[in-house]
Amino acid sequence: MRSDVPAAVLAAPVRPIGPRLVLQYVAVVVAALLFVTPLVYAFFSALKPNDQIFAVPPTLIGSEVRWGNFVEVFRHGPFLTYISNSLVIAVAGTLVVLVVSTTAGYAFGRLRWSGRDLVFGLFLLTLMVPQEVLVVPMFQLMQWFGWVNTPQSLVLPFAFTAFGTFLMRQFFRGIPFELEEAARVDGAGPMRTFLQIILPLSRSAVAVLTVFTFIGFWNSYLWPLIVVNDYAYLGTLPIGLATFSGQFGTRWDLQMAASIIAMIPTALIVILLQKHLVKGIATAGIAGR
Amino acid sequence: MTSISVAEAAPRRRGRGELGKAESRQALGFITPALAGLTVFTVVPVVLSVAMSLFDWPAWGDREFIGFGNYVDLFTSHPDFWPALRNSAVFTLLFVPLNLVVSLGLALLLGPRIRGRAAFRVLFFIPVVTPMVANVLVWRMLLQPNGLFNGVTTAAFDLTLPSFLNHPQWAMVMVVIMSVWQGMGYNMLIFCAAIEQLPESVLEAARIDGARGAQMFFRVTLPLLSPAVFFTTVMTMISSMQVFAQPQLLTGGGPGNATLPMVMFIYEQAFTFQQMGLAAAAAWVLFAVIIGLTALQFRAQRRWVHYEV
Amino acid sequence: MMNTRPLVAVVAAGAAVALAACGTPSSGGTSSDGGKFTVVWDMWASGESDVEALEAQLAIAREENPDIDIQLKHAPWDDYFTKLTTNLASGDVACVTSMNGQRLSGYHEAFLPLTEEELATAGIDPDDFAAGSFDIMSHDGTLYGIPYDVAAMLVYYNKDMFAETGTPEPEVGWTFDDFDAAAEGTTTDEHHGFGMSIGEFQWMSLPIARSGKQPVDESGALALDDPEFADAAEWYVDIADKGFGSVPPSAAETGWGEQEYQAGNVAMAIDGTWNAATYLGNEAGFDAGMVDLPSQDGEHLGLVLGSGYGISADCADKEAALKVLGSLVGEDAQNLIASSGRSYPARTSSQPLYFGSLDEGVRDEVEATFEAAFTGVQGQRSTDDWAQINEAMSPQIISVYTGDTTIGDVLGQTQQQFGE
């Protein structure tokens, strides 16, 4: 648009709004609309009378808007129990993961000891064993421990994955060594440097690990399905929701209301913490660096 | 990274000997919780799993050592095992490329000039973090015979769609589409982060050299993004070998066993059919497949992944 | 919002009860608790109303056994047997465990065989119970539990759809030809005449009734490939092929035909007597009718189904458990479930109360239907892995409906896989 050479150089910073950008906007909006349709339609279905959910032609809003469906869900299943169970288990599990991952990550990332790389390699090797492979023997183990249908069986077995350790180690290694060295020279032990220097500098990585771990526990489906016997006591939201769907297969209004209710907490977390998450993913090195 | 580890290593060389020993002890303290946990909850189950796979190990009742009987049974006579392996492979082959193309495409679309890109990113990320069961239920409603998809095509074009979830091929396609919709936001965020970290100097140099459009993308941008592409490929592949909730709740593994993947096979053998030994053996086969595929990826990596210039 | 409060309280109380039950190291055993013995009763329940009904029965049992602390533990039907297996594996079976007659064969080892001595302890006289009902809870001639209900499969129909299409309503004693005509007559562009199913009883009842053959022979061997049964199964599948049957949209929809019926989308479906009250009061608002299974050549083979309570073999205090069992199938508890219309009780003297619970307008029709449905019934035969056979077959039957395989192949393959 201006003369040839400078235009190429300046292209990135001050490109004017051209047809390409308009096209880009259109593509983004279309993609977003397509993408969000299932969620929006599910939300409005949750507000319809049940017999209008599969009306032909489909409508977004039924003959009446029934906010009461969201209340009725709680009348048809122990959803409050499910929610509080999920919350307690996710919080407890996240705490365990944080403690384990940061301490081990520190040992691998900042301390020097013989066999470190070998042990770390073995740690990473366990990362290759997917949860799905472990569930069968893990269930047998839970039986031997007498842990079937107990809260600890939902928290502990999968709280020791090497992923968090790997993540923290990668991040810790990126912290300039001089910071720690100075403290060491002043006589601070590793515990103090860990707590007072390394951890505060790693807030973003810890935040990312916290959020992802919490979400992982909150959404966990296969393991609770196996290890929980008494849903009214220890049912979590995902298995409660699946059961609810089995029992009230004809009540799509309630199924959708329950699904929306189940989606809200984690969706809110992501919306509220979006900046940290995006930044965290970039800095914590999940991006494959 | 590289520069840091050099800087890190340099001052440490002095501290060999006594200091090193102290540090080893301290490291032991830091590592113990993780080590103990991994031992009890990973190493022990792994060993136990090997043992179980060699036994006729019912959920309750007498166990009997049968050597490789479970493996032989799986490969030679079990009617659902090969289909399950095939289904996992088909799912992976469809899901991984589709997921990567869509997520990378969206990440590129959501460039710095798009206003509200942060909001869009979050939007695409939401199904990643909402419970899978809820996501699947939503899709199950959409895919009902009178659901939204069929309703729209019937009303608008008088076109009746196939009954997707009880059609052997469509059922798998729908499981894949639903999974891409649900899971691609994660890779998209990774690509967004990677794109933002692209070295502006290199891009600019390429522009000055006259690189444009597709050429720019395939010759410059994509190679620069290749570490991220590699990382997401490996992770997505591993996760797609572990697919469970989507087929279990959307199609029940059917019709027949057309959408029954390995993990669902393992779950059913262990907890529905009560053959824990057989399930453990199947789990080892799955593990071997995952390891093999990952090793292949890492081997191929040398040829197409370009690490930091 | 206000009216959710009591609900929250109920849920919380339920959770607390369950928590107490599970908090004890071995919820299956009995333990001394302040001089009281604890007996756990494990039962399936789907939703709030089921739980409330169970709690009412629990109250009766508690009242009748003031010296025993009785705790209720429940799981949804869909998960109950998986969870029971888990409990068996961890040696944690509740002293009083509910069992469905059709599943008993796979679990009988977990139960205490009941002899006259045990029945006396529980205060049970077999003569008080419906003829044949003890067979439901027996395996190989040994009694493992006491039935609390008896059930048979019925054809439920939507009277509004029959009226709308001018199709004559089914009547007790109807034939398979009448059924074919009804399925065809009630099928319109708007709705199908019949809801196909993949659930065990729901799909198998018609082929069994038509062929007069059970898929397990008298010797207890699997006989899915019996030619007469296979022919009848072929006929069943043809309902869908001819376009009269609504086909489940996926193998995940295990209760399709019944759900479609309940939602008012199909004119007929097969389901058990246990759902009669639910359908009569359906939320979709249609006029529900019911009739026994059709007959073929004047023959009509129906199966008597049902559930009951057994005592776990490793229960620590069998005497206390037996007393609780006696109360749960006692006259008061049986009267309660009958008069609430929840299930058709096994105790003969309580059965009339069931019909009394129904609307006067439908009472006679239901009573006549039940009478016909429970006439000439056989106990269902099953193999030890019967539950697994059905789990394996369900998703395959979907493929039959969609024409990707044939019912003959499915029956043959399943026979081959499980037949030995």
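A, B and C label the chains in the order they appear, each numbered from 1.
Here is the rule we go by: a residue touches a chain if its C-beta (ideal position, glycine included) is under 8 Å from a C-beta of that chain, and two chains touch if they have at least 3 such contacts.
All values derive from a computational prediction rather than experimental measurement.
Engineer: Touch graph across the chains, line, ring, star, complete or other?
Structural biologist: Looks like everything touches everything, fully connected.
Engineer: What's the chain with its C-alpha centre farthest out from chain B?
Structural biologist: Using the mean of the C-alpha atoms as each chain's centre, the farthest one from chain B is C.
Engineer: Counting C-beta pairs in contact, does A-B beat A-C or the other way around?
Structural biologist: Answer by contact count: A-B.
Engineer: Report the inter-centroid distance (CA atoms only) between chain A and chain C in whole Å.
Structural biologist: That pair's centroid distance is 40 Å.
Engineer: Using mean CA coordinates as chain centres, what's the gap between chain A and chain B in Å?
Structural biologist: It comes to 14 Å between the two C-alpha centres.
Engineer: What residues in chain A touch two or more of the other chains?
Structural biologist: Answer for chain A, listing residues that touch two or more other chains: 226.
Engineer: Identify all positions of chain B at which a residue touches two or more other chains, and write them in rising order.
Structural biologist: Chain B, residues with two or more chain partners: 140, 144-145, 249, 271.
Engineer: Which chain C residues sit where two or more other chains touch them?
Structural biologist: In chain C, the residues touching two or more other chains are 86, 89, 253-254.
Engineer: Of all residues in chain B, which touch chain A in the complex?
Structural biologist: 1, 4-5, 7-8, 11-12, 15, 20, 23-24, 26-28, 30-31, 33-35, 37-38, 40-46, 48-49, 52, 106, 109-111, 113-114, 118, 120-127, 129-135, 137-142, 144-148, 151-152, 154-156, 181, 189-190, 192-194, 196-197, 200, 203-204, 207-208, 210, 227-228, 230-232, 238, 241-242, 244-245, 249, 262-263, 266-267, 270-271, 276, 279-280, 283-284, 286-287, 290-291, 294, 308
Engineer: Which of the residues in chain A end up touching chain B in this complex?
Structural biologist: 8-9, 11-12, 15, 21, 24-25, 27-28, 31-32, 35-39, 41-42, 45, 53-58, 99-101, 103-104, 106-108, 111-114, 116, 119, 123, 126, 128-141, 156-162, 165, 173-174, 176-178, 181, 189-191, 194, 215, 218-219, 221-222, 226, 237-239, 241-242, 245, 252, 255-256, 258-260, 262-263, 266-267, 269-271, 274-275, 277-278, 281-282, 286-289
Engineer: Give the list of chain C residues in touch with chain A in this complex.
Structural biologist: Residues 1, 4, 7-8, 11-12, 14-15, 18-19, 21-22, 25, 46-48, 51, 73-76, 78-79, 83, 86-87, 89-90, 92, 253-255, 259, 262-264, 283-284.
Engineer: If we count contacts the way the header does, which residues on chain A are in touch with chain C in the complex?
Structural biologist: 50-51, 71, 74-78, 80-81, 142-143, 146, 148-150, 226, 229-234, 243, 246-250
Engineer: So in the complex, which bits of chain B are touching chain C?
Structural biologist: Within the complex, chain B touches chain C at residues 59-61, 79, 140, 143-145, 163-168, 171, 248-258, 260, 268, 271-274.
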